[in-house]
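One chain, chain A, appears in both complexes that follow, with chain B as partner in the first and chain C in the second.
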Partner chain A sequence: MKTISRIYSAVLFLFLYAPIFVLIVFSFNNSTTMSRSVWSGFSFKWYAQLMQDGMLLNALRNTLVIAVIAAVVSTVLGTAAAIGINGMNKWMKRMVMNVTNLPMVNPEIVTGVSLMLLFVFFAKGMGNVSLGMFSLILAHITFCLPYVILSVMPKLRQMDSHLYEAAQDLGCSPVLAFFKVVLPEIMPGIVTGMIMAFTLSIDDFVISYFTSGTTQTLPIFIYSMTRKRISPEINALSTLLFGTIMVLLIIVNLRQSKDKKAEENLIEEA
Partner chain B sequence: MKAKSAAAPYAAWMSIFIIVPMILVVIFAFTDKSGAFTFKNIAEVGQYSNVFLRSIWLGALATVISLLLGYPLAYIISHINARRQGMMIMLVMLPMWMNFLLRTYAWMTLLEDNGIINSLLASFGLGKLHLINTQGAVVLGMVYNYIPYMILPLYSVLTKIDSSVIEAAQDLGANQMQVFSKVTFPMSMPGVISGITMVFVPAVSTFIISKMLGGGANLMIGDLIDMQFLGSAYNPNLGSAISLVLMVLILICMGIMNQFDDGESNGGGIMI
Partner chain C sequence: MKKTIAALAAAVLLATTVSPSAFASSEEPEQPAAPKTGVTINVYNWGEYISNGVDDTLDINKEFTRRTGIDVNYTTFDTNESLYSKLANGGANYDIIIPSDYMISKLIDEKMIEKLDFSNIPNFQYIDEQFRNPKYDPKNEYSVPYTWGVVGIFYNKKYVKEPVDSWKILWDKKYAGKILMFDNPRDSFGIAQKILGYSYNSMNVEEWENAAKLLKEQKPLVQAYVMDQIFDKMSSGDAWLAPYYAGDAATLVEDNPDIGFAIPTKEGTNFFVDAVCIPTGAQHKKEAEAYINFLCDPEIAAANVDYIGYSTPESAAKELLPEETVNNPIFYPSKEILNKSETFVNLPEDTNLLLDTLWAEVKMGGPGQTATLVAVLLGFLLLYIGIVVYKKMKAKRELQ
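== the complex of A and B ==
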């Protein structure tokens, strides 16, 4: 039984990783543009070409600007919303949460086209301004908000609401009590929500595709590359992105295991 | 805490960017180009019933395959020692961190007529297979992209099953098959449900996978909507009508799925 399950997991992981592995190997292929599947020697030439691609760097900059703004705004708005929703009565809470769930239940393409209709409608009203960075940022904040709320809400529910009252009894103003007592308690949820918003924004293609006008973000750039050009540049780009993610995840994991070890040491000492 | 007003900016935001756009979709679906009320768009959606049927069929097939492939892996991972579980789940999630366009592109290079699979076959002296631009390729792309969404909720439900329940069943004389079919599987139902919805909804509404791996011939609902809004057949009214039908369709599917769930639907949760 054990060997069967080992073989099964190995085959499934092979299925998950083989395409990525092939993609990475062929990013170092010294080939002409047309043959993507014939190995003809090791080279960095596709990386060199990628670095000179002005469109790519521009798309990368747009993606990062949008992701940072969307993450910050959705975190602030979402955290405030979670606190407000937490104080609502059951009926109100249910109604607001239904609207919150809508973008997560709806197919992405429907959210995308509905926002496109809205922006086109607005743009016409404002004298034919075209869609671009501004509409992208608004759209990204919108689809990030539910995820922030859903990661802050559980922390609020876990928190003892008497803490906030106690702080006020001890002389804190409501604002001070919020910053000194409530905020530190729900901080882990806020951080998770913000990281989620940031990664969702960077990764989003479908909603951006419908709300971007002619502005390019990284996923849209990748899409236009796969449509128009057949080039190992895409492989090089994938490899760089995959490498960055790997390094980030390893750092996060190392930090977590370091924290755990420190905790264990403390327990041992005590 | 009397802090209801803190949600006011959010309520305003969601009204403008979620509710108003949805109302716009409905208005567009029921009007013509001049803005007059009409049922023409909705009626026209009927012409594309073959596209709808194909999307549902391919999406359902991909969902079933993901469940059949994903369940054993989730089961295996939930039964190894705790230290290695985290590592394995990380391995399941890692491909999801790569943009799905790139993951789909990877399959394009593998499946092409002059692609890597065919060159491998040729080097063994075997004939070429036509793989890309087929429905099989589209289903493969869906399974590859969405199978982590199946494995993760299944895993999180399976690890939560109390092992003493399993032991009790064994003590009462159930064999391995019976333990699985009478205890483990029913208890993992919330995970199965959320896995199915998390795979089916994106699979049925995709337009990239069908475009990249299915060629022009295997049109799906998503491609139709894309064509009406940004493509050659520009007609936002018809596009809105199709979107509306798609939305209703998915709501019905989810309603049916929830019938199988016995109330406690907090099993899978959201995992990114």
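== the complex of A and C ==
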């Protein structure tokens, strides 16, 4: 039984990671035809070209700027909203949660088209300005918001509501009590929400496609290459992104386990 | 202190502006950068369709900014149709777009592009006579050709020994399962239309239906309907025969000596042009015309097509290209072939609709197969409901 379960998980991981592995391998392919299936030697050629390709780097910059702003803003708004929702009575809470969850189950294309119609309506009113960076950021904040609320809510529910009152009893002002007691308590939820918003924003294609106007993000740029062929520069870029995210995840995990150990030590000493 | 900062800033400015790409600096070493005008034009072009400065090529947009002081916001699309929907939806103010022939005639019909002021585009004089007044823009008021090309057949010389001179080879049973076809209706129907001797721009329902019948006959032999996957499938030997745009031939043929490219001379082929236009209501029309003029500069056009791989409509630019490219019939086919070839023009609405339904039938297998598919799905649904009902009843019985 154990061998079967091992084989099963091995196959599962193979299935999950084989595409990424192939992508990484072919980012080092030394071919002139931009081939994605014939191996012709090892080289860093595509990495070098990637660094020279101004259009691609520009699209990458747009994507990152939008992702960072959308993640930060939606985290702040989402956390505030979650705290407010948590303080409502049961009936209101249920209703508001349903309303915030709706955009998540709504097909992306519907969200995209409706946001576009709204933005175009306002753009026409403001003297035919073009959609672009600003409308993209607004759209991304919009679709990231529910995910942040959803990841902060459970932490708020877990938290003992008397903690906040106790802090005030011990002389904290409401604001200070929030920052010293409530915020650290729900921090893991906030961080998860922010990371989720960031990744969602980076790889969003459908909503960006409709709201981008004359600005181009990385997914749209890659998609527009399909008439000719998707250049292995994209493999190289994806490899770099994958590597960066791996390192980030490892650092986060290491820190978490360190914190846990420190906590355990504290408990033992006490 | 202030002075040194100013000097430093000036030095940095100088360093950044005086080092454009190698190509340009060797041509005009002393030409200084023009002062910034503060205007940015929005350019919308096909993906991978301009020389971008990678590997010592000329960065066209950067060079334009250096010469004129006009900034370029350059973005890309993947099909004529997505370009059209972007323009039609509004909210995107483009100054320059580069659609293909049939889309240009559609845009003219719907008044979505503006007449150009040719006095701002003196370099139009370099455009060869044969590319002026094309079918899609009969009076040549709206567009300036950017690149052109023809459709031909890629084949693997190892397996395809006979001469490739007719589209009929794509219907040869010998090559069953090794044939690729275009994944877009107009190019695929075009091949069938040429075999039957029809025009690409036919408005005759019967002709379109006959072409669809021919494509359905071919379907069992076709490995896949694809676009850019052709490159991988051909170079790995997965497929032996594939029709595609000649401009993309260079890399494929150069990299793999087994692959050949031929233009079917018996029936003639599709001759396509991508041309530069200005959408109606563009906010920087003058600057956009300066951009078009810049693209028509023979030196710039030569550097550009050298990177893209498609053909230039300017003889003056051809002279600056390597001789083996200009003499290559793939890129510059003979007059006879060109005379036999035909351009796409926009089809009327009802013909377009017919084309869409026929294409869906070819790819999906017609209404008969759709019905079986629906029946199978319904069967599964019924089975699922049956299981759920059975389980509920069982649970109830157990409770009692």
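Following the convention adopted for this analysis, the second predicted complex is superposed on the first by the 244 of 270 C-alpha atoms of A that agree within 3 Å, B and C clash if a C-alpha of one lies under 4 Å from a C-alpha of the other, contacts with A are read in each partner's own complex, and residues count from 1 in each chain.
As a convention for this text, a contact is a pair of C-beta atoms (placed from the backbone, for glycine too) under 8 Å apart; a residue touches a chain by one contact, two chains touch by 3 or more.
Just so we're clear, the structure is a prediction, and the values are computed from it rather than from any experiment.
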Contacts of A:54 with chain B and chain C, given as first, second, both or neither: second
First, second, both or neither for A:145, with chain B first and chain C second: first
Chain A: partner with more touched residues, chain B or chain C: B
Touched partner set for A:245, first chain B, second chain C, both or neither: first
Which of chain B and chain C A:215 touches, first, second, both or neither: second
Which of chain B and chain C A:224 touches, first, second, both or neither: second
Chain B versus chain C as contact partner of A:38, first or second or both or neither: both
Interface residues of chain A shared between complexes with chain B and chain C: 35-38, 116, 210, 223, 226
Of chain A, residues touching chain B in the complex: 5, 8-9, 12-13, 15-17, 19-20, 22-23, 26, 35-38, 77-78, 80-81, 83-88, 92, 96, 99-100, 102-111, 113-118, 121, 138-139, 141-142, 145, 147, 149-150, 161, 164, 196, 199-200, 203, 205-206, 209-210, 218-219, 222-223, 226, 234-235, 237-238, 241-242, 245-246, 249, 253
Touching residues on chain C, where the partner in the complex is chain A: 42, 44, 46-49, 52-55, 59, 61-62, 73-79, 89-94, 227-228, 231-233, 235-236, 248, 251-252, 254-256, 281
Chain B to chain A touching residues, read off their complex: 1-11, 13-14, 16-22, 24-25, 28, 69, 72-73, 76-77, 88, 90-92, 94-95, 97-103, 105-110, 112, 114-116, 118-119, 144, 147, 201-202, 204-205, 207-208, 212, 222, 225-226, 229-230, 236, 239-240, 243, 246-247, 250-251, 254, 270, 272
Of all residues in chain A, those that touch chain C in their complex: 31-38, 49, 52-55, 116, 119-120, 123-124, 128-131, 135, 210, 212-216, 220-221, 223-231
